[in-house]
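Before any comments, here is the structure.
Lettered A, B, C and D in written order, each chain numbered from 1.
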């Protein structure tokens, strides 16, 4: 994995499995959310504080490819990074790996928009320049 | 089952199972919630409308005995009824049965309190006498 | 909606919402599963029986666009249909609508493969010709 | 808290909340499971390995009192310990605390039985004396 990914690591819980014996496919979407909020926290954006200020970041799209199943108690690392950001919309990419295994198990993506309390887009670079800078920094090279 | 129970029926979803091949024990608590809100609806109390008026009914306790496991695609009926109500607190009892089987599979109970927007108890019989009457009627004989 | 869609209808549960007040985006993926298994049932394929025979249909990809949020107690209809099938892989398309509203709220897609007990692909048209016919019929015009 | 409790700590995920803004009551039951399996791991019992040997520990009862709500991003510690064990059945007690707060937020309990592959009780002290010793040690003083 490239170094500009953020890494979020935990074990798979029992209740995340289904009768097929593997993690239910809907739970990867939740794991992405955990990784995304952890990644944002690490670049200085605490989502709880954002919501308190009146900013929400709803999910507008999600996609996932399940390549290798995850099992109960697997030690997984979710690599995530912001791949697009324009002040209004954001895209995040995810890759899940198991410990001691080089093969990628899952590849995912989520799309988001930034909305204010009235559920409307707002001028982030004007109203919240610090937030804007932290995010735009993620997609600059 | 006695006749003063409300009956809520549906099939078990695939994602409700875990790797043991049975419904995960946490999901019965969700099934109770479905049954409870359906039962309240049937006695004329729509929970969505209650919340719009500013009344919430948080869960303050829950208990469950798992006697016979539920499986994917099982056709289950959740019997529920209000067993206690005093204007401030409410208790609901649940029993889950499978189609064509007389044995009770699950027995549960939940405790609730009625709170206003400020998360405080309120005088329901004064402020919402209609709501009070509908609920007190459930526990009178 | 076109007529060759299968329709699955139910109300949104309270526990499907999150603190944003809307259905959590991971729960749409579960709703798709409910709709897919219901649709397969209607064309004569009971997934529980398939698993008993030794056939599983894991999800290999999923995608979803969230256009209009779903709320607690919304009366939703999930339209689904098989859009691709070649004896080994299958694709299903989903669209979610609210009652009395013509706008599509959610568009989704899931990809699946058919595997035997050893988690390997098998010749469905040879081994399970009835199953094959039921599915191929869905994508023929 | 007394010192013979095992402590499991993590933050509350966004998807664990509901539209009331607090953690949905069913999710505490899942948090108890995480804490229980972590506690068992710490006393030398890996649940994944148990299942591989053919031992399952289904939940036969659960109860929970919700005293103080948990919120998104709360840093919670789940204290758990085995309170009863007789070779066939086990009881586990749980208490949830928030960081920097002495008040207990949640008190829970779960009952379990040990079953073999045929879903039948077995003589653990004869068949798995090491497992028996690890568990009986928890309830001896």
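Quick note on the criterion: a residue touches a chain if its C-beta (ideal position, glycine included) is under 8 Å from a C-beta of that chain, and two chains touch if they have at least 3 such contacts.
Since the model is a prediction, treat every value here as computed from it, not as a measurement.
Novice: With respect to inter-chain C-beta contacts, which pair, B-D or A-B, contains the greater number?
Specialist: It is B-D, judged by the count of C-beta pairs in contact.
Novice: Among all other chains, pick the one whose mean CA position is farthest from the mean CA position of subunit C.
Specialist: D
Novice: Please determine the option from B-D, C-D or A-D whose contacts repeat those of A-C, over half of the contact pairs being identical by residue number.
Specialist: Most of the contact pairs in A-C are shared with B-D.
Novice: Measuring from the mean C-alpha position of subunit A to the mean C-alpha position of subunit B, what distance in angstrom results?
Specialist: That pair's centroid distance is 35 Å.
Novice: Hey, how far is the Cα centre of subunit B from the one of subunit C, in Å?
Specialist: Subunit B and subunit C have C-alpha centres separated by 29 Å.
Novice: Between subunit B and subunit D, what is the gap in Å from one C-alpha centre to the other?
Specialist: Taking the average C-alpha coordinate of subunit B and of subunit D, the gap between them is 25 Å.
Novice: Give me the residue numbers in subunit B that touch at least two other chains, ranges are fine.
Specialist: Residue numbers touching two or more other chains: 14-15, 19, 22, 26, 30, 33, 72.
Novice: If you look only at subunit A, which of its residues touch subunit D in the complex?
Specialist: These residues of subunit A touch subunit D: 13-15, 30, 33-34, 37, 46-48, 72-73.
Novice: Under the stated contact criterion, what part of subunit C meets subunit D in this complex?
Specialist: The contact residues of subunit C facing subunit D are 14-15, 17-19, 21-22, 24, 26, 72.
Novice: Please give the residue numbers of subunit D that touch subunit B in the complex, ascending.
Specialist: 19-20, 22, 25-27, 29-30, 33, 51, 56, 58-66, 69
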